[in-house]
Structure formats: C-alpha cells, structure tokens
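The same chain A turns up in both complexes below, where it pairs with chain B and then with chain C.
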Partner chain A sequence: MPRGNITPSLLLFATLVSALSVLAIFGFLLWFAAPVFTGETLSSLLSWQWRPQQGEFGILPMLAGSLCLAGSAMLLAYPLGLGLCCFMHGLGPTWAARPLLGIVRGMTSVPTVVYGLVSAFLLIPLIRAGFSGSGFSWLAAGLTLAMLILPTIVLILDSQFRTIHAQTQLTAAALGFTPAQQVLRLTLPLSTRGLLVAAALGFGRAIGDTLIPLMLAGNAPLLPHSPLDPLRTLTSHIALVVATDSQSAAYGSLFACGVILFMVSLLVNLALRRLRHE
Partner chain B sequence: MKFELSRLTGRLLAAVVCSTLLTGSALAGELDVFAGKKGKIDIAGGTAHIPVMKEAAKRVMQTSREIRISVAAGGSGVGVQKVGEGLVDIGNTGRPLSDEEVAKYGLKSFAFAIDGVAATVHPKNPVGNLTAAQVQDIFAGKIGNWKAVGGRDAAIHLYTRDEASGTREVFWEKLLKKGTIAANANVVASNGAMKSALASDQDAIGYVSIGHIDETIKAPTLDGIAPTQDNARTGKYPIVRKLYMNTKGEPHGLTADFIKYILGPDGKQITAGAGYLPL
Partner chain C sequence: MDHRTDALNPAAIRIRHLSVSFANRPVLRDLSLDIPAGGLTFLLGRSGSGKTTLLRAINRLNECLPGCATCGQIELQLGATRLDAYAPSTPVEELRRRAGMVFQSPNVLPLSIARNLSLPLAVTLGLGAAECEARTEQALREVHLWNEVKNRLGAPAATLSGGQQQRLCLARTLALRPDILLLDEPTASLDFKAARQIEELLAELKLRYTLLVVSHSLSQAHRLADQVFVLHDGQRIEALPESTFRDKEALMSALDELV
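Right, the complex of A and B next:
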C-alpha cells in the first residue's frame, strides 16, 4: 500500500475514537442517571436540601454553586485577560510583551493543587482575619480560580491577536495608525471568534475544576448569599460523595450531577457558537 | 495529600523500626505459612487501613518473593464496590457494611482494629472540656459563640467531613446521636485536611480519628474523659469505630492466610504501630 494512504485512515481512526469517546461518556452518564431522572427521585433531586440522612438529595445548591463560582471567576479573569492581550499587542511598550507572555505561559505549568495549597495557607487566613467567617469561601475559591483560567484566556486571545495583527499590519501602517489604534480599532473588532473561543474554554475550565473549590470553597451545600459564604460545586460534590456506599441514593445522584455538568458546558459552548454566527 | 505526608512518614519510620526490631521473631513465626507459596492479593478501599496493609504486605512479600500484594486507596465505598465486583480480593471499610451491600454482593467482614474519634479544636483555644450536649448543640448550630462554652468571644467555625467518611459516621451516630449538623459547616475531604484546617483556624471545631491527634490540634475532654487510645480500649471513651477487611464470600487460599496474619499477633503489633487498637 502506498504510504500516503495510511495517514488519512489513521487520522480518521483517531478522530472516530475521540468523537466516540465523548459520545460514550455522555451515553454512559445518561444510562446510569436514567433511574435517577425518572419519577419521584427527580423532584427530590431538584430541591435545595442536601440531607442524605433524611432522604433529601437536592443538588440545586451545587448547580448554583458551580454557576456562581465559574461566573465570578470569568468576570474577573476575562477582562483581565483581554486587557493583558491589548497591552501586549499595542497599548503597552513593545519590550513588555515578551516577558509578560512568558509569565502567562509559565502560569499554565503550575499544577492546580499548588494554587490550592498556596491559597489555603496564604489567602484563607487573610480573608479570615480581614472579614468574618472561616475564610473558606466563594471569594477565596473565585480569586484562585480566576488565576487558574487566566492563562487559558490570554493564550487563546494572544494567538488570535497575533494572526489578525499580521494580516492588518500593512494596512494599519499605511493609514498611519498608532499601535494602540491598531489593536483597539482593527485587531480587537476582527477577533470576535477568538473572543468567543476564549470565553467558552475559560468557562469550561472554570466550571470543570474540582480541586480549587474542594480545597477552598468550604463545600457547605448551601446557596451562598455573600462572597464570604461557603459554597459547594457540582464537581467537588462528586469528589466528596463518590466514596459513599455505592448502593445508596446519594451515590445515584452523582450521575445526575455529571449529566448536568456536561449539559451546562455543552449549552454554554453551543450558545457561544451561535453568537458567533449571528 | 501533603497534609498526610508528615504523618505517613512518621508511620513508615515507626513501621521500619518495628520491623527491624522484630525481624528475628517474625521470620520464625507466623510468616511461615507464606513460605514457598505463590500468587497475588489485591487490596483496595479505606484509607485508614493503608499503613497496616502496606506493612503486612511488605513482610509477607519478603517471606516469599513469589507473592505479589497490591494496596490501593479509594475510600470505604470504593472498597465495597471493588471487592463486590470481584476486582480485588480484599475491600477495606472504616464502617460496617450496609444490609444492601451484604445482600447484593454476599460479603463477609473481618474487623481487626478499633479507632476512636474525638472533637478537636485549635491548640490555643482555652476550652478544655465539653459535654456531649454542648458538642451536639455546637454542631447543630445552636451554640454559635465560644463564650457560651467558656471560650473567648468569637464565632465558632464548624468543620465536618463528607458523607462517605467513616469518621463522620461514627461521630454523628455516637456523639451527635444522629442529630443535625448545621448546613453551613465547612466540609473537608480527609482526616489530614481536617487537621490542617483546625490547626490554622483559632475559632474552629471539627473531629478527627484519635490516631491523628498531635500537638497541632487539641482534643478537649468529653464529659471529663480524655479521648485517648487507652480510654478507648477500656471502653471509658465511647466514640469508637472498627476497621474492617471484607471479602466476597468465605476467603480462601492466600487471601485467607493474609487475613489470618492481620488478625494474629504480628498483625496486632503492626496495627498498634499504626496508631490503632488491635482487636
């Protein structure tokens, strides 16, 4: 067989395996969650009370917790990331771009658990001393999570900016644009796709992270009323409950958590995709 | 993970010292049954069991190089599931099996150690004794300030464990008498994480396995009784649980030998070395 024929079929095989795995994961989750989603158990799942000893398995506080935490981390990290990219591509001095990008690249190699540990020993006592409460809170987890997703956002935006920048360089120069004008008037408006992809991936990373909320958010299964309140995310809920009696209803509810988590990520991705086409 | 490290190192060190001291007697005695045998034993489940299992496994594997024993973590629930599905030979739990679990998998339990659980606070906390009723009210959220139990004027920060925790189960059943735990309590995922949370928060209260108590946290006496392994042994301190090994049906072959070894004099000494009370 000529060599050229093997590569495409290998690639096709790899693609199929990846695509089928995603489908299989979703199918597997649905299969196990099906008993939970039928009949009375569903109404007990969609409540605000998580008290397994009393037979109440409400996972709404965890869903709200996930959305609150991921949302706040995005609210913090996205503008920061966008600002950083604009700074590196025209608003700031040219010599600053390279070291800044180096620092951000370095941030991607910091393991999540290191952020968690450092925050547990530095940030939590600070919050405890500065405000009321134990320090394990939405605020602590939100700040740390923002740090975690910042490089994801910056690196995607940066590569998009780089491409657009190269394409519009000559035009901008011919029109007499300053670097600042170029990034604000040309690069940024032309980067819609990168802006959306960065948002989707950043959000996906934020809502999917387990270790940071588990270590820092306090994990109380309650709807937080202030940033100083503890919260429990779907991911840390799964991590906490997965070791329980596998025949219990509490264990069954985990599959529902998995399905919901998958759906939220999927919906956000689809919504952003739609935005792009409009 | 890091939290557990110092303790683990301590245990390993203790285990190494013990094994060095005892090599002479151990070689001559109960390990003989393993000599010349071959095969493998897979163990998974409860995390409290691991130091005991590892040390016993090491001694057995040193006796016969043809025997392979693997020890994995995962927690009590995982232990039940894996042994039930036949993926491992021994599934460890820090709690008795539920009737559903026994019915579904046909499991047999072997208790080998007792471990106490105590309410614990920051070492600088002036409170030296708590009554059971006070502990219940504190965890229910009815008492919210340390002043009410003789401490300083500060809000009490509650720390509890997840529902999968065997430590939580015994604390909740025997000390809280299945009372409520306030929903706003912080939930931490392991004894080690609990210890480090309590050690850094002066207004905290939580609970850990007695084996985990050291100078970084303080256990106030409960109704005047100090939560020590000695008081747990004599029954004076009542908040205790058992550690179990579980097999699918009657154990046989190497697995049966291993369980017998853990329950024998050598196993008892290993168990005590890891900070638990052998049964």
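Right, the complex of A and C next:
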C-alpha cells in the first residue's frame, strides 16, 4: 500500500485512541466519584475538616492548598520567566542569550524529585533557621515549584518571542528601534497569545505537580494562614491516601479530588483552545 | 574602480574600501563609490551580485544578520552632519532612522495602518500623540495614500493591497524625516499599476531626498535615474554615462557587456 494512504489512517487511529483514553479516564473518575457527589457525602466533602476517622472527608483545605501553591508559584515564576525572555531578546547582551536558554532547557531535564531533594536539604534548613517551625511549608514548596515551572513559561514565551522577532526585527531595526525598544514596544505587545498560553500551561503544570508539595509543603490538611504554614494539595492528598488506604470512604473521596483536578486541567485546555481561535 | 565626487560637491554617501562577508564568505570586496547628494541613483546588477548587501551596509542593517563582518569606511551627509557610519561613537539607531530604508517586499508591522506610522515616531523620536497624528497624515498624503485609508486608519495594515502596503512602508520611512532613502527593489513584488504608482512617487521624492535604489528594472532606470551604477559579483562597480542609460538600447547592450 502506498505510504501516503496509510499515514492519515494511522494518525486518525492515534488521535482516536488518545481522545478515547482521555474520555475513558474522565468517565472512570465520574463513575467512581458519583456516589461521593450524592447526599450527605457531598456536604462532608465540601467542608474544611479532613478527619476520616470521624467520617469527615472535607477536601476544601486541599483545594485551597492547590490554588494557593499554584498561584504563588505562578506569581514568582511568571514575572521571572517574562523578565528572562525580555533579557534574552533585547534587554541583555546578545552573548548572554544562548547560555541562558541552554540553562533553562537543561532545567527541563532535571527530574522533579531532584528539585524536591535539593530543596529538602538546602532550602528547608534555611527557612527553619531564618523563621520558625519545621521549614516544610507553603513557602518552601512555592519557591521550588516556581523553579520547576519556570522552564515551561520561558520556553513557550521564547518560542513566541522568536516568531515575532523574526517577523519584525529587520523592519524595526531599519526604523531606528534599539533592541530594548524592539522587545518592549513591539515583541511584547504582539505576544499576547503567547503570554496567555504560557500563563495557562504554567498554572496547569503547577497545579498538577505532586512530588514538590508532597516532599516540601508539610502536608497538613489545613488552610494555610501564612507562607510559613504547611499545606496539602489535591495531588499530594491523593498520593498520601492511596499509599495508606484502598478500601475506606476516604478512598472514595479521592475520586472527587481527581475530578476537580481533571476539571481544572480541562478548563485550562478549553481556555487555550479559545485563545488559539481568537 | 573608484567613482568619486569632487571636493566642492561632497557626496551624500561616500564608500571606501568596503568589504562585507557572511560566515567568512565574502559578498562585497574592496568597493569604493560616491553617491552624489540629491537625485535618484540606481544600482543595477545580477541577482547575487551584492546589491542588497551594499544597501544594507550603508545603514548597518547587515549587522542584524548572523555571521556578518564588515570593514572599510562609509560616510554619510545627514543634514549638516557628516557621519562616519562605522565609527564606534556613531549612534546606529539614529543612522538607520536618518538613512531610511524600504524593503523589497512590503514589510508592514502586524499593527493597524495608523500604528505602523505612529509607533516608530513615538518610540524612536519620543513624539506625543498629536505630533504623531499630524506626521502620519502628512506622510500618508506625501505617498498619495491618505484618501484611500483615512476612513480606516484603525484597520490592520495587512488588509491593504500590496501596492498600498509598499506606499505605507514608504510613508512610515518618510514620517521619520530621513535625509537619505535606501530602496531595495521597491517595485519587485508589485503588479504593473502599483509599480507605476511607486515610480511616480520616486520621481517626486528625488526632488527632495537623496535616493539610492537597487533595481533589476532597466526601464525604470532608463526613465527615472540621475545616475546609474552597475555592480559585478561584489567586486567591481561601474558608473554608466548618462548618454548610455538615457538610451534604452545602449543601456541594454552596456549591461550585456558589463554583467
């Protein structure tokens, strides 16, 4: 059979398998979470108390923990990533751009557990010495998670900046723009879509990460009141309960956590699709 | 061969021993040339002979391309100032603004029609909104585009036709009030009618600016040129006498011999 005929069929098959897998995961989650979303269990689920021994399975502290941690990591990583891209594309010296991008690309190949381990041995003692408590906190996890999502943000923005730069560089230079003016007055304002995509994917990566909060955030199922307080995210909650339990009603509540995480991911993707179309 | 003006009539562009290479591959070798002030100078030559590189050496735009190395000297008469283009103290952005360039393909910025003109004015000259608006209208009138776009200045520049886009690019350069205009095959990507409009503009502009035009069009050179130079393989540049480029047949046979 000619190669040209089989390729579209294979691609269609791969697309269908991927789409059906995602749908199957969502269906599976909904099927198992359905009993939890009914009657008294739902009100127990939407509470601030996680005391499985007393039959209280509130996951709101974990939902708040996820949003707090992902939000704070984004607050740190996004401006840093944006600044880094502007530095590489005109604000800084030309010679610095390649090594900086090389470092950022290198960061993507570092396993998450290594970030967690290094922070546990270097950052946690610093926080413990500088403030009080155990050091395992929202602050430690937030700082480390920011480092983890930084390459995602930088590489998306870099790709967008490169595209715009290639289209406008010679024109802008011929009109008398300095490299700094090019990036700040032309490339950046024309990169709106890339800025939004980087924010959406960076947030998705931050809210979906498990190891960093599990290793560094302290895992107390409580609403944090300061960056030095411990917190527990939905992902680390799932990991912790699955590791110790597989039969109880608490185990059932994990499917609700999964559905919420899936919905967040889905919303991020739908927002991305909308942005692409605009 | 050198083509030099006399001391009483200083050249608008004075090029001495210019060599340009990209990734160690020489494109221009030891060129010397004087472009007189005022009027329209055509630079003809085969594809790949280095015409665009020569043009971009004048406003140092080659430096934006990777692996470029330039040596030699280029002096420009910009208003009352004599500027050594490659002196370390030369403000390259000011040089590029005052030796304005129009590219072969219309290179509108992905912005609105008005913003294509007002953004460079605001960014490079620091002009306020009112001044930008006034210069925008003036420049668009200068290229006879105002009546066609005055009711849709907020529309994307990409919605204009190719000829209109090229005139917009010319207006954008003129709005910055340059002393010299460098045009790289400004009609190459346009149809006959749009090309003719640009030619008419060039005929008007040559009365007020020093124009250096890279072109493949012999008929354009025949109709419009005040001086014609022919570049051979980046190494040799010949001036054609007026009697030759005013006579179409003579121009064609001269080019056949030279190129």
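Note that in this section the second predicted complex is superposed on the first by the 264 of 278 C-alpha atoms of A that agree within 3 Å, B and C clash if a C-alpha of one lies under 4 Å from a C-alpha of the other, contacts with A are read in each partner's own complex, and residues count from 1 in each chain.
Here is the rule we use: a contact is a pair of C-beta atoms (placed from the backbone, for glycine too) under 8 Å apart; a residue touches a chain by one contact, two chains touch by 3 or more.
As the structure is a computational prediction, the values presented were derived from the model and not from experiment.
Engineer: Of the two partner chains, chain B (first) and chain C (second), which one does A:Val113 touch, if any: first, second, both, or neither?
Structural biologist: Touch partner of A:Val113: chain B, not chain C.
Engineer: Tell me which of chain B and chain C touches more residues of chain A.
Structural biologist: B
Engineer: Going by the contact rule set out at the top, does A:Leu190 touch chain B (first), chain C (second), both, or neither?
Structural biologist: second
Engineer: Touching A:Arg232, do we find chain B (first), chain C (second), both, or neither?
Structural biologist: first
Engineer: Quick one: is A:Ala166 in contact with chain B, with chain C, with both, or with neither? Answer first, second, both or neither.
Structural biologist: A:Ala166: touches no partner chain.
Engineer: Quick check on the superposed pair: does A:Asn219 touch chain B, chain C, both, or neither? Answer first, second, both or neither.
Structural biologist: The first partner, chain B, only.
Engineer: First (chain B), second (chain C), both or neither: which does A:Val242 touch?
Structural biologist: A:Val242 sits against chain B, while chain C stays out of touch.
Engineer: Contact-wise, after the overlay, does A:Gln181 reach chain B, chain C, both or neither (first, second, both, neither)?
Structural biologist: second
Engineer: Which of the two partners, first being chain B and second being chain C, lies in contact with A:Ala129: first, second, both, or neither?
Structural biologist: neither
Engineer: In their shared complex, at which residues does chain A touch chain B?
Structural biologist: Residues 50-53, 113, 117, 120-121, 124-125, 128, 132-136, 214-215, 218-222, 229-230, 232, 239-248, 250-251.
Engineer: For chain C, which residues are in contact with chain A within the complex?
Structural biologist: 59, 61, 64, 93-94, 96-97, 100-101, 103, 107, 109-111, 119-120, 123-124, 172-173, 176
Engineer: Can you list the residues on chain A that touch chain C in the complex?
Structural biologist: 167-178, 181, 185-186, 190
Engineer: For chain B, which residues count as touching chain A in their complex?
Structural biologist: 1-2, 74-78, 80-81, 98, 100-101, 104, 155, 157, 159, 162-165, 172, 178, 183-189, 193, 196-197, 200-201, 203-204
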